Amino acid sequence: MTDAERLAAEHACEKLMRQFANLNDARDFTGLAALFAEDARYARPTDPDRWVEGRAAIQAAFEGRPATKLTRHIVSNAVVTVDGPTEASGVSYVTLSAGPAVETGLVKADPALIGGFHDRYVKLDGRWLFKERKGSVVMTMAG
Amino acid sequence: MTDAERLAAEHACEKLMRQFANLNDARDFTGLAALFAEDARYARPTDPDRWVEGRAAIQAAFEGRPATKLTRHIVSNAVVTVDGPTEASGVSYVTLSAGPAVETGLVKADPALIGGFHDRYVKLDGRWLFKERKGSVVMTMAG
Amino acid sequence: MTDAERLAAEHACEKLMRQFANLNDARDFTGLAALFAEDARYARPTDPDRWVEGRAAIQAAFEGRPATKLTRHIVSNAVVTVDGPTEASGVSYVTLSAGPAVETGLVKADPALIGGFHDRYVKLDGRWLFKERKGSVVMTMAG
């Protein structure tokens, strides 16, 4: 791989992490599922030992959650390692603020959670996708 | 556009969002205004339905705010879509911590606000600039 | 320098800031020290006027700190300026959440600190490294 190809791969995987968060917060779970390879697996931060297997099951798992909370998943500290032309891995931190999904006015969030993801990525048909995404939660912020 | 041109455009617009925040916090409003196209418009997060039209008016609006607060606008979740060689759009989240602008010692911030921006960018004379920047505030963090 | 070289330099230095934070939180101080040039100097955010000189001394300073806290250094607002083929400078914000390093369960963090770094970078043997890193702390978040 050339340096330019590596840079493009890193940027694409970094963007994938941010798109995941934004689509999750927007409850666009069709868009979110499209960031995963067909045979990807996902373990949510609050249940990191239980894998959800396959894009369709991942989408269903997200859709099954009640829409009672407005969320903002703030992504930071992304570091991607390109392991080959179609393989990469990466880590990031996520700070989650969530509060009651009211219709008007400013939402008062609960104390934020800080966690993160360990990911594997795959390039399919010219596009980088999640192959594996394992979450964790490590800390609550003061509140 | 080549993939390399798209990547360069995305990175430039992502950087623009961070520069805006840093220059705002530094109260360098000349520098901040220079990130906007001459005919750009801006709606601040706390007043999202009122457009400030034109670079000079945007600068004046920032300069008109009292310097009573020390601020840190933390930018995250930037996702840029390149719409053409000279046009792009993007979103980001912003977490604002602000406290009394004292001269010495550690400032105690008020509970943080989480919001964001929807942007349009334009490339003029080889440089990406804000064409339109519309803010929003959605949440207060626990405090 | 070409535009592509500048972009690669900016991305490398941005990544360096995130790697520093992640390795610090993982207490991998050998890895952290390897991000610095042999003759680099470092001033920690809570003691910004005292330079620690040289990679070995920087590593020793980190290793000398007690492992009583679990930390998450959240990096944001990175803006890098490429000053030449082997020189660059940059700024970033860091939000630090830290709590007691317990072995199990969710850590309750103390009120977060917001600060940042002013950096100089150097390219040696094809790799961007910290040449100088000066920290600061400006604010505590509500808690």
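As written, the chains take the letters A, B and C, and residue 1 is the first residue of each chain.
In this text, contacts are C-beta pairs under 8 Å (C-beta built on N, C-alpha and C of every residue); 3 or more make two chains touch, one makes a residue touch a chain.
Please read all numbers here as calculations on a predicted model, not as lab measurements.
Engineer: Interface overlap for chain A and chain B, more than half of numbers shared or less than half: same or different?
Structural biologist: Copies use mostly different positions to touch.
Engineer: What rotation angle superposes the Cα atoms of chain A onto chain C, in degrees to the nearest 5?
Structural biologist: About 120 degrees of rotation relates the two copies.
Engineer: Report, in whole Å, the distance between the mean C-alpha point of chain A and the mean C-alpha point of chain B.
Structural biologist: The computed centroid separation for chain A versus chain B comes out at 24 Å.
Engineer: When you check chain A against every other chain, which residues touch at least two of them?
Structural biologist: Residues 4, 7, 11, 76, 141-143 of chain A touch two or more partner chains.
Engineer: Along chain A, where are the residues that touch chain C in the complex?
Structural biologist: Touching chain C: residues 3-4, 7, 10-11, 76-79, 91, 93, 95, 113-114, 137-143 of chain A.
Engineer: In their shared complex, at which residues does chain A touch chain B?
Structural biologist: 4, 7-8, 11, 15, 18-19, 21-22, 70, 72-76, 97, 99, 106-112, 141-143
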